[in-house]
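You will see subunit A twice below: alongside subunit B first, and alongside subunit C after that.
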Partner chain A sequence: MKKIKGILITLIMIYVATAILGENFLGGYNQGKLLERTGLYGLLAIGVAFVIITGGIDLSIGSVVCLVGCGVPWLVMRQGWSPGSAVAIAMVVALCVGLWHGFLITKLKLQPFVVTLCSLLIYRGATRGLAEDQSQGFGGEHEAFRQWGTEAIEVTDKFGIPYPFVILIVVAIIAWVFLNKTIWGRYLFALGNNEEAARLSGINTDRMVILSYVICSMLAALGGLLFILNGNSAQPSDFGNFYELYAIAAAVLGGCSLRGGEGTIVGVVIGTAVMQLLKNMINLVDWLKSHMEFLIVGIVLLVAVIADEMIKQRVRKLK
Partner chain B sequence: MGEPFLEVQKITKRFPGVVALSGVDLKVYPSEVLALIGENGAGKSSLMKILAGVQPADEGELLVEGKAVRFSGVQDAQKSGIALIHQELNLAENLTVAANIFLGREPGKFGWIDQGLIERESKRVLEMVGLEVSPETLLSELTLGKQQLVEIAKALSTDAKVIIMDEPTSSLSLRESERLFEVIHDLRDKGVSVIYISHRLGEVKELADRVVVFRDGENAGMLERNEVDHDAMVRMMVGREVSQFYQRTEHDLGEVVLSVRGLRSMEHRENELNFEVRAGEVVGVAGLVGAGRSEMLAALFGARPALGGDVLVAGKGGLPRSPRESLGRGLALVPEDRKGQGLILDMAVKENMSLASLRRDSKGPFLNTDKEEELVADMTSALSVKTPGSWQLARFLSGGNQQKIVLAKWLALKPKVLLLDEPTRGIDIGAKEEIYLLMEKFAREGMAVLFVSSEMEEIMGMADRTLVMHEGRITGELARENFSEEAIMELATGGNINKAE
Partner chain C sequence: MKNFLACTVAFGVFAFSGCGEKKDGKASYALVTTGVASFWDICKKGGEDAGKELDVDVEVLMPSSGDDQKLKLEDLLAKGVDGIAVAAIDPINQAGLFDEVAEDSILITMDTDAPTTKRQVYVGMDNYDAGWMCGELVKEAIPGGGEVILFIGRLEQDNAKRRRQGVIDCLLGREKDASRYDAPGQSQIGAKYTVLATLTDQFDRAKGKANVEDMLTKHEGVDAMVGLFAYNPPLILEALKQAGRIGEVKVIGFDEDEVTLQGIKNDSVYGTVVQDPYEYGKRSIEILDALSKGNTSVIPENKFVDIPARQIRKDNVDVFWSDLNSKLGK
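== the complex of A and B ==
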């Protein structure tokens, strides 16, 4: 609870500020949209949080989003696959991607940054080749399939809880249980703090690191699937661009340290919500222009990290 | 003797969980070799770091030539004429000797380095330490002993009046050490003072004009040249007679539990290691730094891949491949680097203690928190770990308590063989004694204990039998009745094996 206090207060402050300054912020449509965006991006952030907790990084998330987001409609519309088998193959590909990253990082001892930077380029390039750089989507078909990304559980006639957000909550609960209630979660934190000590304590650290990259890639694929179901149009050249950075930023806002060994799922979800809230605020508040998005997100992130570090150092001194 | 060049008055230094120095005094006169001795954790290194400007003191004063000074960095200390030579040399192997001597304070203007000046000055200081190499030689081409001399030359080039040497001989051969002693005497005759920190009491006796003893962060006494003798030094360091400090009792040995056959480590590929340890036996492994002792333990435990050989625990086993496999066989390793390898500093005491036994105690993949609490409570009282609570981060505990947490982690698994690498490094004397009592208790209960130590006293006090290593080989084995500092040192420096036996 202590760890997420800061980010929770930030969330509430920005929420209140936007409610006062922006028009239509509290409307049912806008609130639903916020939850939907948080749901979509939150899946990526939870995924990358696993990797960050081990002290690694995954820069290929946006490209995995692109690969799945373009690949699934391509298989369904151009190749005539059923949606079910297209999703299944997308998940298998994501599993292989994660295993591959984990293998390179643990067995060949390559740096995660380099491995996933190469992947960022390769998967996007491959997708563009596969889709011949053509925009992919479902057109007007497969309404039932697309509902997973577009529908909501109705609460009032104007406001509903979008499916992507429901899916995020389910994933978050599973992730929370995994990290806090299983021995594997404990192992992840242990090896993120001190891999050598963890290994000498009999933990198969390589296996745990590989697992974290698999989780990250599979959640990126799930996110990519929901993004395309929701948006129905993916341009291979820019679909999912920079999403890894949004995910990493949300994880860091939520209390993950890139040094590894630290982070909470609740914090990461709130961090994602803060990021989406900021975007929303920029759209709704008149005197904030949309080109200021990066500027504002960057400043908020920096302030959050500085505040966090200062609090930590003060705590250390007190002890 | 005149006025002291350097004077330390009532210096106190605290770290989280431990008082490293409390109200310590020290005087250093010009032209003297002052030996500073004390057990690990006595505060020697803390004081030296304060003198060299590496860290500030919390309380107390430093006087240089009678004037109070305050160092905010290493360069301040250098300007006052104090230089520290770390135990692990701070040199860049890929640079030349001259570049190392001037590293970080290259003379010149606008980023251009004055090579001529560097060369002249390097030659001058190299001559002072009697090192006959070209300043253009790459450092990596020199032996450790010569690199040590380069460090001293570097100190001299800053016009140091006091050179602090922290365990300078820990990785030198006998010949190199003797050469170093000549240089030290030579420097003293030229007006430089040397503060010499060492565990090797023989060296101290040979070298020192005066010996100052620290114990538990306080002054424990001072010996003038004519008073320096081995027993007096030990008494002051330990605070009582040695025989009371190491309490070993006679007990019968059991079957062979650990049997190492033809073990070869990555670092010493050609050397096969063979030995056995019985149940209830405490076996010490002595040797100089770099003799391959830690590497042997790491290979034995599977922490670093072994090239070949078998490690059998109670008759079962094979080539050690991973720590996980080894602990399944009943081995446990308390590594040398407590903070880097033993503990997870930013996790709770509880989480550290249960880390190795989580799998055994889990319910399927889920943590069994009841069992974990129970284990932690048992271990905390069995090893009398002092912590405000099991939630406390390991980082905030004292060295001794941290070491107990590492021990607890392994004892939870009830190992048959306990491997300890420098088990009492950097912990205070009280905790040290507790660790010794625990080692004795484990042995009495039938565990086989194998420990590596660089402290002669510890080896001679605790071991039933000692293996001595030199350059990756076991050069000899001594039974308790044959223990002597001379015999161990002889084997540790590659001396004649037959003679020692």
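== the complex of A and C ==
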């Protein structure tokens, strides 16, 4: 609870401010959309949190989103695959992507930044080649399949809990249990704090690092799938561009340290919600101009990180 | 080391010996687009068809950004093409670059002009007029007047600015003046029509859709939404569908995305304004070929080869769509 206090207060403050200043912010439709967006981006953020906790980084998330987001409709609409087999192959590809990153980082001792930066270029380039730079989508077909990204569990007439958010909650619970209640979770934190010490104490650190990249790529793939099911339109040259940065920002907002060894799943989900809430606020509050989006998001991010660091330092002194 | 140097020199001589020569003695021309989109695929087809007819080589390059466009143009100069037709991304700041290209090769602009440069002619339409035509469609869709919101990829490029201004000026019943520019953050209020806002998404589709959703929240009573880049109308439709408000809010589009055309057929989109990218590509190559043969009569006095936009509604969507498919060989 202590770890997420700062970000939770930030979320509540922005929420209340937008409720007062924005138009129809509290309406069921808008609340549903906020949950939907938190669900979509949150999956990417939880994925990258695993990698960040081990002290690594994954810059290829946006390109994996692109690969799956364009690849699945391409397989279904242009190659005549069934949605089920297209999703299955997408997940297998994501698994291989994660294994490949982990292999290069642990066995060839390459730096995560470099490995995933190359991947960022390779997967986007491959997708553009595969799809011949054509926009991908399901047209008006496969409505039942697309429901995973568009439908909601109805609560009232205007408000429902969107499936992407339900999926996020399920993933978040599994991730939380894994990190906090299993020995592997402890290994991940130990590894992030001090890899050498972790290895000397008998932890198979290579295996844990590979596992974190696999989780990250597979969640990016799941996110990419839900993004295309939700929006139904993807252009290989720009789909998912910079999404890794949104994911990393949300993870950092949520208390992950880029030095490794720190982070909470609840914090990451709240961090994602803050990012989405900010964007929503900029659109709904009249005097905030949309071209100031990056400025506002950047400042809030910086203030939150500074506040978090100051709280931590005070806690250390008190100890 | 000596061997290495010798190899390098030999390779360099070999590589550069190809410079400036055409592989099959044919003239070669290039089309350089502003980015990657289905719109440009149609343009490419037009250019390639002209290339076949004239028996010349045509290369189509689709850069990913303004910087990339600069690199692509420089590469073309290095290769020594006979002429280039470019769609300007940022006409004012790219002026120096375009002048440089115009000195070494034949340069014309298509789709988006760069009037202050040494380009010989502009092939395209007037985006302000096309925006105006889009405004007329809005008026037809909501004849009693109402509130309108515009969605567009970005406003940094000249064609986007003019297109948007055309819609606004038409709706507000102003005199035509393409140099006018209303700030995007403010509402433009006219006697019958109000343009509440213009939202940009910088080509991020999830953001484009979120913009529509946020506007449905903020302005529940909005009467019409206009998508001014090809991918905007489909995103508007998707958001309206998920909100259960198809038909309630009128949709007017720009360009010929399949989802937009299908929307016109099934009444979820009132109409769209289409350019003729096929003709942009075809005419550009024809003009470049004429110019490289010294025939300057292809340049009109105002240096503007007008390929006007068209309005597509339910009554002509089928004819337009089948013609488009036949051009694309579908």
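One rule holds in what follows: the second predicted complex is superposed on the first by the 319 of 319 C-alpha atoms of A that agree within 3 Å, B and C clash if a C-alpha of one lies under 4 Å from a C-alpha of the other, contacts with A are read in each partner's own complex, and residues count from 1 in each chain.
We adopt the following convention: contacts are C-beta pairs under 8 Å (C-beta built on N, C-alpha and C of every residue); 3 or more make two chains touch, one makes a residue touch a chain.
The structure displayed is predicted, hence computed values, not measured ones.
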Superposed partners subunit B and subunit C on subunit A - clash or fit: fit
Partner chain(s) touched by A:Asn24 [first = subunit B, second = subunit C, both, neither]: second
Partner chain(s) touched by A:Glu309 [first = subunit B, second = subunit C, both, neither]: neither
Contacts of A:Glu141 with subunit B and subunit C, given as first, second, both or neither: neither
Inter-centroid angle subunit B-subunit A-subunit C after superposition on A [Cα, multiple of 10°]: 130
Dominant toucher of subunit A (residue count), subunit B or subunit C: C
Partner chain in contact with A:Phe239 - subunit B first, subunit C second, else both or neither: second
Least C-alpha distance (whole Å) that remains between subunit C and subunit B when both complexes are overlaid: 25
Subunit A positions touched by subunit B in one structure and by subunit C in the second: none
Of all residues in subunit A, those that touch subunit C in their complex: 22-25, 27, 29-30, 33, 37, 40, 128, 133-135, 137, 139-140, 150, 227, 230-239, 241-242, 279-280, 283-284, 289-291
For the subunit A and subunit B complex, residues of the former touching the latter: 181-184, 186-187, 189-190, 193-194, 196-204, 261-262, 316, 319
Partner subunit A, residues of subunit C touching it in the complex: 35-38, 41, 62, 64, 184-185, 199-200, 203-207, 209-211, 213-220, 231, 234-235, 238, 242-243, 257-259, 262
Complex contacts: residues of subunit B adjacent to subunit A: 16, 301, 303, 322-324, 327-328, 333, 335, 340-347, 351, 355-356, 358-359, 362, 365-367, 396, 409
